[in-house]
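This report refers to the structure that appears directly beneath it.
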Amino acid sequence: MVNIGIIGMGRIGKVHAESIMTGVKSACVLAAADPFMTGETAEWAKSLGIENVYDDYRKIIKDKQIDAVLICSSTDTHTPVSLEAIDAGKHVFCEKPIDHDPDRINEVINALKNSSCKYQVGFNRRFDHNFRAVKKAVDEGRIGDVHIVKITSRDPEPPPPAYIKVSGGIFLDMTIHDFDMIRYLTGSDAKEIYASGEVLIDQAIKDAGDIDTAVVTVKMENGAICVIDNSRKSVYGYDQRAEVFGSKGCVSVGNDKASSAEISTVDGVYSEKPLWFFLERYIQSYRDEIKSFVQAIELDKPTEVSVYDGLQPVRMGLAAKLSLLEGRPVKLSEIKS
Amino acid sequence: MVNIGIIGMGRIGKVHAESIMTGVKSACVLAAADPFMTGETAEWAKSLGIENVYDDYRKIIKDKQIDAVLICSSTDTHTPVSLEAIDAGKHVFCEKPIDHDPDRINEVINALKNSSCKYQVGFNRRFDHNFRAVKKAVDEGRIGDVHIVKITSRDPEPPPPAYIKVSGGIFLDMTIHDFDMIRYLTGSDAKEIYASGEVLIDQAIKDAGDIDTAVVTVKMENGAICVIDNSRKSVYGYDQRAEVFGSKGCVSVGNDKASSAEISTVDGVYSEKPLWFFLERYIQSYRDEIKSFVQAIELDKPTEVSVYDGLQPVRMGLAAKLSLLEGRPVKLSEIKS
Amino acid sequence: MVNIGIIGMGRIGKVHAESIMTGVKSACVLAAADPFMTGETAEWAKSLGIENVYDDYRKIIKDKQIDAVLICSSTDTHTPVSLEAIDAGKHVFCEKPIDHDPDRINEVINALKNSSCKYQVGFNRRFDHNFRAVKKAVDEGRIGDVHIVKITSRDPEPPPPAYIKVSGGIFLDMTIHDFDMIRYLTGSDAKEIYASGEVLIDQAIKDAGDIDTAVVTVKMENGAICVIDNSRKSVYGYDQRAEVFGSKGCVSVGNDKASSAEISTVDGVYSEKPLWFFLERYIQSYRDEIKSFVQAIELDKPTEVSVYDGLQPVRMGLAAKLSLLEGRPVKLSEIKS
Amino acid sequence: MVNIGIIGMGRIGKVHAESIMTGVKSACVLAAADPFMTGETAEWAKSLGIENVYDDYRKIIKDKQIDAVLICSSTDTHTPVSLEAIDAGKHVFCEKPIDHDPDRINEVINALKNSSCKYQVGFNRRFDHNFRAVKKAVDEGRIGDVHIVKITSRDPEPPPPAYIKVSGGIFLDMTIHDFDMIRYLTGSDAKEIYASGEVLIDQAIKDAGDIDTAVVTVKMENGAICVIDNSRKSVYGYDQRAEVFGSKGCVSVGNDKASSAEISTVDGVYSEKPLWFFLERYIQSYRDEIKSFVQAIELDKPTEVSVYDGLQPVRMGLAAKLSLLEGRPVKLSEIKS
């Protein structure tokens, strides 16, 4: 039995708490902490069977009974809390991104070097049934050498401007998942990135210093060319598709829907929209990434998303930012590693 | 909190136990009984948090703490256990079919008349996301008056001949779900049934006195004509589709798959097979029927699948058997009610 | 070069005229006849390059230059004109049905026995790309032994009551195509037929002595069970689908659409309706059946749809009529052959 | 009746000849010319009803009876033959590209200024049923303002290296169709282009000075961002898809297939590959572009693909070449207009 403490009880912290308490048999959440822990959240946690609820995450770090922590707090806390947890000998699951600054991620990497702690980064989409199926087809060689990868990743609605200001921008907040996905699907690191972007949806996003529509081309070390298209507002719902084209064929996955119902009327043939957003679309992947993390601890094997996997998409996001700023392709080697 | 006892810890009993203990917050399984309770099952039940494990279901019936029972034992026990449970004031969820004999089901109906017990029958497909979507489209009037209903229902592999002998035959064992579905989708009772059947898969099924392939036409009281096609062996997996055609259009649902992956190669375009069998395909519906049952108890409202809904498909199955035997359409009124 | 005369210049006669003059290189329409030949039609025929236009089809029969005739006139004339044409040594392509009376079709069969004339019946759907693909999959053994065949065949709108009165009823007018299709796909003759039907669309159809909605079950000599569902009014367009299920798998085909466009909006995902009716849906099959007929003449090989293939669906239609009338399954052997 | 002469009787010249002689009622091909006219081609042309067959295209230019010419000869001849034809007062349909050099295209533009000749460029995909449906959805405002356009355009097999050497490179030979398509779908001109490309398929293509895999990002004047992905070798067939995403939704079209057959077996669910190559996929669009050209002449209205529409994609191709060469985004204004 792996005893877990959750640090940060916002939306994603709660998702993990519920997943573990209802669906991961060999793990148990012993404690949850949040600096703004409300009575409601505390009660909810207790109803799930979580015995200890704290304002101060350090109580979790110090708790000898706890084997592993999930860091679900705000991005700026990911690195310091990771370091404290590793120092205390805890295994760490950290939500993405570890940090916006590669130097600080490297501090975590260094801390892990002299430690036996497991470290997993929250790139949950690697655990999604559809993307897993693409990866499997690629790994089995069914499409041969990878030539082109296409990722469509569009949110149903933009976050509030206040969030955008601290998000690090679309490339570090949203595209970062897609950067991880192309690394996952190609099994290669990025070499060069060219980003094209516009504000087409909301002037407030421009005022917050960001863009809302982007097309990013990434050349990988292995020769594959990847292209990601992002929008902050897809009115028909969360659009999450991928395609890998290679020397022997092509594999693609589409969106999930609540049902396969097709209604034919005098007006046309209607089917359902994609599931609305990430909580609907990826709920199972959140469960499966935690199961995988727990299993890595139990079986003492490497986690499926390493701290190195956490670093690279941040560097890719920084390269994309620079590319957009300077209007030129940027080599990954230009970004500190 | 609704306290539940499960009677019969075979495959479906275990499904319900796990669903409730991990996914139904306002219910708890206090006890489980099975005449052949193995050590392994008992241990598994305890690991889920089920405190009491019995050989004798009467211990559950007598337990004052228990509000409701799930009857998951063999079909021949459904009626007597239902009667005992109702007599003890328990709410009852009973797997389908209640019985092969309408007279015995009527005993349950009569027992319920002088009781405030809830009674729900395990026609889980009514809770499936796809069939729910069809029902919703019909109820919203999007396809107008219902003219034709088509149900495809094919199992991936036949049960063992020993099971077939006690199953009541394909119509009471397998088609019974489809009979329920056409009642659910049309909102009408059957008027006349014509069954056509053959043994095309396995001589052992013939030796067991049954058929393995059937097409059944059902005229409903409201004029709709329904057709069900069944096979005991669909090599590509569990084939579960429905279509309702009416004056304003048509709604159809297809099979669920593990992923939406499509692989295009020199040999063609491949996608995944349907999910293998009912545990894969209908797992969520098993959870949702139990949630609905618990909610009916909590809110003191009628269950979504009444004892009457349990009786009619049995009568339809008997009519289909008679039709096949005599080679003629059989009116439902010929079957005892 | 095969010289052709067309007898009957209604809608389907014109389709064949245009197909041949623009798309069948080794054939030429020398003459067209229609008792009600209008000036407009005559002019249209001449603009296509058809040199002779007559009121009296006998001029075509007598024309020594003409090798083959297409009989596209009203059903009651099919048999006498066939007999005259065969007597004059012409090859004959005859629209379906040859006749409503098997005795008269047998006259044609007898006339052909002492003749070297080719005779093809207009079951054009056998030449449709989708149904051909189903047939190919079946013939290649990809689905193994055929167990179940399902045909959906729904018209977008009913014909006028006046037409219905002389049509022979839905089974001889509309279902006859589906009866041919199940013979084509199974490679077997029918053994027993049970028809279920209602008037659900229009009282005028009832007044004309017909039904508008039908589900017909057909047991084939080879054990396969087929089911056909028909409606005279599918508001979303011509619904023409087929499915063959067997011991090794299942093959199905859907409807053709004008484009593959899918539009996702806040209201859902829309795609196009099926092509509206038979002229849109089957235009290529009309061309291909004529090409096949011309080729049978050129290469002196049997036609792809023989006079025997013309007789059987008529018998099946008569069996279905009797089944509906008497409310019982009818053996094909009860119908004169 | 529009009298037509075809200059160049290679593959595409023959396609047009057959289309017109069999499918365009108000046009007639009076003459065909090819410097390497074979006996076989001449005979084939005569069998179609084309009376005059020449080695020297000037006989067509000089023929007073001829109203319009189709220029289907090699690319280097497009401009001089266009100029001669315009000088002789002929309407011109010219295969793409008009020329690789904007200056020479401008000579054609200038010649047209003082002429009443119609001029249409052979961007046939604008007439394809699928792309038309996308355009219609965009024009009707169903997807709102256009934000992102995605074009997938992959050939089933590369042309021979000898052809590649004179082709002008992938951007002027293959991507040029996609450049036209994004102009057509967005209704806007390009502003800036960034091309990423590799040789991943065949070293011979590299030796011929070209690439075989490309991803091209194009920013349009109206703010839309477009991305095109190209491959010279898609083993599963011609892959021709498009998607337009905007403020109110998304419209996409997929590939055409020979049938809608789906075969489910123990190995998975199989459907057909896309149609093999452009002659299969776009045959109807070749017919429809010529019908449109003939109609522009008959009704004296502008052609649907103007000489300006012929110039812009060439400039875009040159910008893409420069971008690839210099590894930077190139503004269209850098390319001579």
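The chains carry the letters A, B, C and D, assigned in the order they are written, with residues numbered from 1 in each.
Assume contacts are C-beta pairs under 8 Å (C-beta built on N, C-alpha and C of every residue); 3 or more make two chains touch, one makes a residue touch a chain.
For clarity, every value in this text was computed on a predicted model and none was experimentally measured.
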> Does B-D or A-B have more contacting C-beta pairs?
Replying inline: A-B
> With chain centres set to the mean of the C-alpha atoms, which chain is at the far end from subunit C?
Replying inline: A
> Centre to centre, by mean C-alpha position, how many angstrom separate subunit B and subunit C?
Replying inline: 42
> Could you state the distance in Å from the CA-based centre of subunit B to that of subunit D?
Replying inline: 58
> If you average the CA atoms of subunit A and of subunit B, how many Å lie between those two points?
Replying inline: 40
> In subunit B, what residues contact two or more other chains?
Replying inline: 235-236, 239, 248-250, 264-266, 272
> Which residues, counting only subunit C, touch subunit A once they are in their complex?
Replying inline: 235-237, 239, 264-266, 268-274
> Mind pulling up the subunit A residues that touch subunit B in the complex?
Replying inline: 22-23, 25, 47, 129-130, 132-134, 137, 142-143, 248-256, 258-266, 272
> How about subunit C: which of its residues touch subunit B in the complex?
Replying inline: 145, 147-148, 150, 152, 154, 194, 196-198, 200-201, 213-215, 217, 219, 223, 225, 227, 229, 231, 233-236, 239, 245, 247-250, 327-329
